[in-house]
Every structure is written in structure tokens, then in C-alpha cells.
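What follows is subunit A paired twice: with subunit B in the first complex and subunit C in the second.
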Partner chain A sequence: MGSKIEKLLIEFAKLHRFMMSFLREAVSPPYEFKEIIRQCYEIGWRSFPLISLTGFIVGFVFTKQSRPSLEEFGATSWLPSLISIAIVRALAPLVTALIASGKVGSQIGAELSSMNVTEQIDAMEVSGTNPTKFLISTRIIATTTMIPVLCFYVAGIGLLGGYLSIASKDDLSILAFFTQVFESIAAKDIFAMVLRAVVFGFTIGFASCYVGYYSSKGTEGVGKAANKAVVSSMFLVFIEELLIVQLLAIIG
Partner chain B sequence: MEKKNIQIDYNDIVIHVDNVSKSFGDLHVLRDVDLKLYNEENLVVLGRSGTGKSVLIKLISGLLRPDKGNVNVLGEVVNELDERDLRALRQRIGFSFQNSALYDSMTVRENLEFPLVRNKRNLTRAEINKEVEEVLEGVGLSQAINQMPSELSGGQRKRIGIARTLILRPDIMLYDEPTAGLDPITCLDINTLINEVQERYKTSSIIITHDLACAKMVGDRMVMLLDGKFERQGTFEEIFDTDDERVRPFYDYNFIV
Partner chain C sequence: MGTNERKRSLTVGLFVLIGLIILVAGILVLGTQQNKFSKNLVVTTFFHDVKGLKVGNNVWFSGVKVGIVKEITFQSVDDVKVVLHIEEKSSQFIREDVMAKLGSDGLIGNAIVSLVGGSDNVPPIKNGDVIKSVTGTDTEAMFATLQTNNENLVEITKNFAILSQQMVEGKGTVGALMTDSTVALSLKSSVNSLNKVMADANRASSNLAVLMNKLNSNQGLIHDLTTDTAVFASLRESAAQLQGVTQTASALMENLNATSERLNDKDNAIGVLTNDPEAAAEIKQILQNLNGSTAKLDENMRALQSNFLFRGYFRKQQKEQAKATKDSLADLK
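Up next, the complex of A and B:
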């Protein structure tokens, strides 16, 4: 029991040191702009195909599943309002974060872990280069900025999916649909979406970098790091979702 | 290629491992070891696998911290330096890894530029190109400049790894098993390169190995790690002029007696 508590405390100390090291290197020059852009491309642009498909399917299926409930009350005309609020407030950030946890989290975890195994991180250290600045800061900055961008995109493509689902049954123009959507969404909904996306983006980057950077040696360590990156990112995203919902309810 | 006789000043100490101990849990790897490296000397550290040879050079480069004792490098106590000073000192220490540790997502050119552009930020593009081409020519691999590490052979990767450390013009070179996993002819090439580096760049080097042909070819002096201590020191002949059962098999196996 004592050793478990000791291990936990050591883990917290490592997390704290990792966080402080990231914060220090993220704000202090010189900046690794070229690597940040490369990571944004890897994390953002390369996720577009998967995110597009997932976002579209979520919007389409959610609309289809919501229809029967509204039909009972003869309120299918409310579908655009319902799906827009659901997608913008909750579904878009959550779906983006979960897809990114799987795709980006595993990629970062495996990449850093394999660099660790092959001593590439040590090689950076001994050549007088700061691996935290080059490997960690750049990836966390990229996830924190790209997940909100992807989130807006998922919201758009999800709404498109929702429209196509409605249009397959009802006679509704796309202009009328989006007019109703924008009338339903308030500034606070956009704020809630951006807040979630930024928090989730930072969490995915931080958790994946941490498990990759401190992975155990050996090829088994690479697999474990990739797996741990996904699991811990997803777990933290759900915990944060719970907390953000409470926080936004208090704020109103 | 015959090793040139280099005059070593035995008063000019560049590394002093002073009474250092290092353990990992219950495993005592180094016990009160004491070691000096002199300016422009090639010092070979021999020993069985798992005896702490690599731990020794990781302590010297500050990748590990000793449990006890001090590691003096170029007048600085490595284990007392803060991150910034340690980084500055590391620019004067070249570390050639056993598996080369090339950045596999970068080309050879990018691998060589990586430490240069981050440590000498005022260099122009033309100066960077000149440095890269010069150091690549020095290891005989100018043609590999745009290749990826995965396209290179083991020997070529070793050479590029050494070139990457040389680009910062270090005063000290640390070689971790430079000939491990290579065929005999490539081993000869690497040994020749280690000697060329010593002559051309005036480096002081520690070469970790259990390849006695390599040790004989590149070493000015040798030490042998046995049970966490440097039990034997001297020239190649002095080290192996013994009936010690922990030492003889080394010689017998390497030279198939």
C-alpha cells in the first residue's frame, strides 16, 4: 500500500515537472514554428478524411434517430434547431476529441515512444537540443489549435449530414435549414464548443506526449504507449466533459 | 590503417570520473569508480555486457546522475550543472550511439543540420550547407545527403551518426559500441574513422566496446570494468598479460586462441 502511494506521488511529481517544462518551453524563444506547422499538418489536415466521414455519419444518424420522437408531437419542424444545438454544444467537440484521441493520440504516443526506444530523444539531449521544445511543445500546441479547427469542421459537416437526413423525408431547402440553425445557436453555444475543443485538444496532446515520452523501453513499450495514449486521452476527455457541463450550467 | 602516435599530455585532464557509484534499485552497476581521460587521448573501456560501460558515458554526458561522487568534464561538475549550463557543455561533447540514433523522419541533411541550426542560430543557409557538406565528406558519405536513414546500411548509419556529432566540433567524443553488429571490413572502416576524428578534430575520446580488434586499433590506453570497478588499466598488452579468469576469455574468444 505504502509503495503504491509512493508510486502515485512520484507520478504526480513527474506530471508536474512535465507540465512546467512544457509551459516554460512553449513561451520562451526560440520558437519551433516550422515544426509546429508540420505537426498542425499531420494532426489537422491528415485527420480530415476520417473526421469528415465520422462527422457526416453522426449528423445524419442523430437526425434520423431524433425524428420519431419529434414526429409523435408533430414537431419535426424543430429538427434543425434540435440538431444544431446538440451538434454545436456537445456532439462536435466530443466526436472530434474521441476521433483525435484514437488517431492523433496513438500516433503521438507511438512516435515518441519509438524515438525513446531508439535513443533519438537521448540523441537530441546530448546534442544540446531541448527535446521538450522540439517534440513536446510543438505537438501540444498543434493539438490545442487544430482540434478546435477540426471541431468547427465537424459541426459543419454534421449539420450537412443532418440536413440531408431531413431533406430525404421533408421538402426543406438548405437555405431554410441553415437559417433555422443560425437562429437557434447562441454565442454561448459557440463559446461552449470552443472551450471544450481547446481543453480536449490540450488534454489529448499532453496525455499522449507524456505517455510516449516516459514509455518503457523495448518494442512492447511502443505498443503499450500507443494504447495508453488513446485510453488515457479518452478517459480524460469524458471526465472533462462532465466537469465542463457542470461549469457551463453554473455560468448559465 | 596504422594508428598515428599522438603525444598525450598526462597533466591535461579533460574528464575526471571521481569516486562515482551508480545503482538501479538493488543492482549496483558502478562502485566507487575513478577514471581520467587526458587531452587528445583515445581511451577504450572494455567489459562484459551489462557491466555499466554505457552507464559510464551516460553519466559523463549528464543523461544519468551519479548516486555518489562527481563527474568533471572540461572543468565543470556535470552532476551539479543546471539544465542551461548542461546544454551548453553538451555542445562540446559528441555522443555516438550504439544504434546510431538517427532521426528517422528526417533526411541525412536534416539530421546533420538539426543540432547545428539549434545551437548556432546566427549561421546563414550557405554556411550551414558548407558545414554539412564538409562533415559528410569527412566521413566519406557525400552521396547520401538526401537519403533517409532507413535507406542506409548499418555502417553508413554509424558514419552519419558520428558526422552528426562532429558538426558541432566537439572537444570530447563518446563512442558507445561503435562496431557492434557490423561486418569485419566495416568495423575496420569505423575504427579508421575514429582514428581520423582524433587526428583531424583533436578530440579526446572514450570508446566503449568489447571488440578487442577495435580496442587494439583505436586505443591509446585501456581500462577494464569488472564487477563495477576498473580493475585493470594500461596498454592492450598490459591488460591481457594476466591469468585472471574474468579477463582471459575476452582475449581467447576475440582472437580464437
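Up next, the complex of A and C:
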């Protein structure tokens, strides 16, 4: 029991140290722009097809599934409002974060842990390159910037999917659809979406890097790290979602 | 920088750019639609009851969105201060005497503030103006009216039900008409008779037509009457004689008239008899007296028969009578 608590406290200390070193390296020059761009390409662009398809399907299916309950009291004309609120306030950041956790989180976890296992990180340190700067900061910065961008795409594509679903049943012009969409959301909803996406992006990057960086040595460590990266980032995303919703409700 | 990396950078740059464009476009659309960027006038109004109005609800003028509700605060015990932000570009059409009214955009829609009225000769609203408010037709009142309507409708349908029931049962004129077969039959026969009458009239008119035709075609009695002068002369003579006859008749009638008039007068016997009720009463009295006298006379006569002085005479007479009957009987044999 005592050792467990001790382990937990040590874990927290490690997390804190990891965070501090990331922050220090992220703000201090020299900046690894080239590597950041490379990571953005890997994380953002490579995930784009998967995440945009998911966003489209979510928007389309959500609209289709919501239709019957609104139809029950003849309010199908409210579908655009419903979809816009659902997608902008909740679904776009959440769906992006969950898919990215699976795609990006596992990638980062596996990459870093395999580097760790093959002692590339140690070699880097010996050769005078700061591994935190080169490996960790670049990845975390990349996820923190790319997840929000992906989230905007998901919102746009999801709304488009919703429109197509509505248009397949009703004769609604896209202008009328978007007028209604923007009627039911406020600026603070977009702000909340951006905030969430940034927080989720940072969480995914940070958790995956941490898990990969501190993975156990040995071949099975890679698989474990990949798995743990996905699970922990998804878990944290949901916890944060809950906290952000509460926080925004307090702020109003 | 290798071509591969250059390509990567461009891809990432484009990717991020488009993502940001989506965000910025969203914010801009939202901003223009909710008029976040246009200049606003601040106008205040007071309501007793805002009926669930919320900050951010729309302000309509003639059905067009011109602003939003910015602030709702209590002013006093039964006054709620509502601060409205109204777009500057629409404000020139909104006059200072405009009134704020609470409404909703649809039956179960959001609460709105609608600005109503405003006259041409009043200047447009300015920043910081306070406008009057009116209590509008709210949904509750509407439903109350609807309820009254419903009750009336129930009453009306009830009456109709009674009416139709009576019609079915044959009560009342319409009911009788609709259910009583004899009425229907008589109506039918009347119509039939009417038909017949019409047919007769038709025939008569056609006969008349024939007659007129004949008249026009110089044949028949009437034609002769109207055209033959000899007949006309004799007719005139007859008419003159007839006139003489009627004159005589007239004189006769006059005499008769005079006679009957005299009958009406009392200065002759018949006149008295027919006209004077007193005389009639007297005559009646005389007749009664006469009646009484004859009855007494009868009695006297019978008494006379039994009187010894006259008994012999009566006996003798009886005998003669018996003998006369005997003789007449013998004659018959």
C-alpha cells in the first residue's frame, strides 16, 4: 500500500518534471521549425482523410438519427440548429480528439518507445542533441496546433454531412441551412470549441510522449506504450471534456 | 531544404491555412449574422413582466431583426429594465415614439422584443433613448381566447345536434317537410296541379295565338263584327233597344225603390207593421187577448149546450144529423 502511494507520487513528480522540461525547451531557442513542420505533416495532414471522413459520417448519421425524434412533434425545421449546436459545442472537438488519440497517440507512443528501446534517445543525448527539444516539444506543439485545425475541418465537414442528410429528405437550400446553423450558436461556442481542441491536442501529445518516453525497455514495451498512449489520452480527453463543460457553465 | 521537405511545409501550410479559413469564416458569418461588428445604439425600455426574455434574444422591427437584448435588470418592484442594442443602420427608420412589445417568433419559439408603431414626423431614435413599452398579445391570452372560441363552438355544435335531431324526428317545419311523407305527397300533387295549370295556360295562350291569327287573316265572327258595317248597324239598333229596355227597367227599379222606401216609413200600415216595434208589441198583445177570449168563448159555448133552455135545440139538431147520415147511407146502398 505504502509503496503504491509512493509510486503514484513518484509518477506525479515525473509528470511535473516532464512538463517543466517541455515548457522550458518549447520556449527557449533554438527552435526546431523543420522538425515541427515534419511532425505537423505527419500528425495533421496524414490524419486528415481519416478524421474528415469520420466527421462527415458523424454529421450525416447524427442528423439522420435525430430526425425521427424531431419529426414526432413536427420540428424537422429545427434540425440545422440541433446539428450546429451538437457539432460545434460537443462533437467536433470530441470526435477529432478521439480519432486523433487512436491515430496520433498510438503513433507517437510507438515511435518514442521504439526509439527508447533501441537506445536512440540515449544516443541523441550523447551526440549533443536535446531529445526533449527535438522529440517531445516538436510533437506536443504539433498536436496542440494540428488538433484544433483538424477540429475546424471536422466541424465544417460534419455540418456539410448534416446538410446532405437533411437535403436528402427536405428541400433546404444550403444558405438557409447555414443561416440557421449560425443563428443557434454564439461566439462563445466557437471559442469553447477552439479551447477544447487546443486542450485535447496538448493532452494527446503530452500523454503519448510521456508514455512513449518513459516506456519500459524491451520489445513488448513498444506495444504496451502504444496501447497505453491511446488509452490514457482518450481517458484524459473525456475527463477534460467534463471539466471544460463545467467550467464553461460557470463562466456562462 | 530538400524538395521533399519543401513540399511537406507547403502541405502543412495549406492545411493549416484552410483550417483557419474555416474558423475565421465561421466567426465572421456568426458576427455578421448576429451583428457583432456593426455599430449599435443603446436604447432602454421598461416592462412589468418580461415573460422569459433572455439576454441575446432578438429585437424585431416590422419583422426584421434590428438588434438584440443586451441587458435585463430589475429597476423597481414591478419594473424590469431591458437594454436593447439596435443597429445604427436600421435606426433611421425607427422613430422615437416606437413602442416595445414582447412577442415570440413562433408558437413555441424564442421570446423577442418587437418594436411597433412610430410616426414619420418624429425624429429617429438616438443613443440612450428610453422607449415606451406595451403589453402585447401573449400566448396565454391567445389560448384563453381560443378557449372561449372552443366553448362557443361546443355550444353551437350542441344546438346543431338538437336541431338535426328534431329534423330527423320530424319536428318543426323543416322536419315535417323532410320526414312527413304526406306533406311531401301533397307538395308533389300541388306541383303536379301547378304543372297542369301551366299546361292549360300554355294551351290557352296557343289558342289565343290561333285566334289572333284568325283575326288577322279576315275570317270568323269577330272579324265580321269588326269589319261588316251592316252587322254593326243592326247591332247598334239592338243596343239602342237594349238601352230602352234598360231605361224601363231602371224606372221600374226606381218605383220599386220608392215602394220599399215607403215600406221603411212608419206613416202607412205596412210601414208600421214592418218598422214600428211598439206597434208589433201591441198587435202581439191583441193577439194574445184574442186568444184568451176565444178560449173563454169556447167554454161559454159548451156551457150553453148543457143549459136547459138550449138543450132541446141541440138534441134536435143531433137527431137531424143522425137522420141525415142514415139517409146518406141508404143512398149509398
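Heads up, the rule we're going with is that the second predicted complex is superposed on the first by the 252 of 252 C-alpha atoms of A that agree within 3 Å, B and C clash if a C-alpha of one lies under 4 Å from a C-alpha of the other, contacts with A are read in each partner's own complex, and residues count from 1 in each chain.
Methods note: a contact is a pair of C-beta atoms (placed from the backbone, for glycine too) under 8 Å apart; a residue touches a chain by one contact, two chains touch by 3 or more.
Just so it is clear, the structure is predicted and the values come from calculations on it, not from any experiment.
Asks: Tell me the contact category for A:Glu119 with respect to subunit B and subunit C: first, second, both or neither.
Replies: first
Asks: With both structures fitted on chain A, tell me whether subunit B or subunit C touches more of subunit A's residues.
Replies: C
Asks: So, does A:Tyr153 touch the first partner subunit B, the second partner subunit C, both, or neither?
Replies: second
Asks: If you stack the two complexes on chain A, which partner ends up touching A:Leu242: first (subunit B), second (subunit C), both, or neither?
Replies: After superposition on chain A, A:Leu242 lies in contact with neither partner.
Asks: First (subunit B), second (subunit C), both or neither: which does A:Ile251 touch?
Replies: neither
Asks: Name the contact category of A:Thr179: first (subunit B only), second (subunit C only), both, or neither.
Replies: Only subunit C is touched by A:Thr179; subunit B is not.
Asks: If you lay the two complexes on top of each other, which residues of subunit A touch subunit B in one and subunit C in the other?
Replies: No residue sits in both footprints.
Asks: Can you tell me which positions in subunit B touch subunit A when the two form their complex?
Replies: Interface residues on subunit B, with respect to subunit A: 61-63, 87-88, 90-91, 93, 95, 97-99, 101-104, 114-115, 118-119, 121, 164-165, 168.
Asks: Under the stated contact criterion, what part of subunit A meets subunit C in this complex?
Replies: Checking each residue of subunit A against subunit C gives 34, 37-38, 40-41, 44-45, 48, 145-146, 148-150, 152-153, 155-156, 178-179, 182-183, 185-187, 190, 194.
Asks: What residues of subunit C sit close enough to touch subunit A in their complex?
Replies: 1, 5, 8-9, 11-12, 15-16, 18-20, 22-23, 26-27, 29-31, 33-34, 36, 56
Asks: Show which residues of subunit A lie in contact with subunit B when the two form their complex.
Replies: Contacts found on subunit A: 30, 115, 118-120, 122-130, 134.
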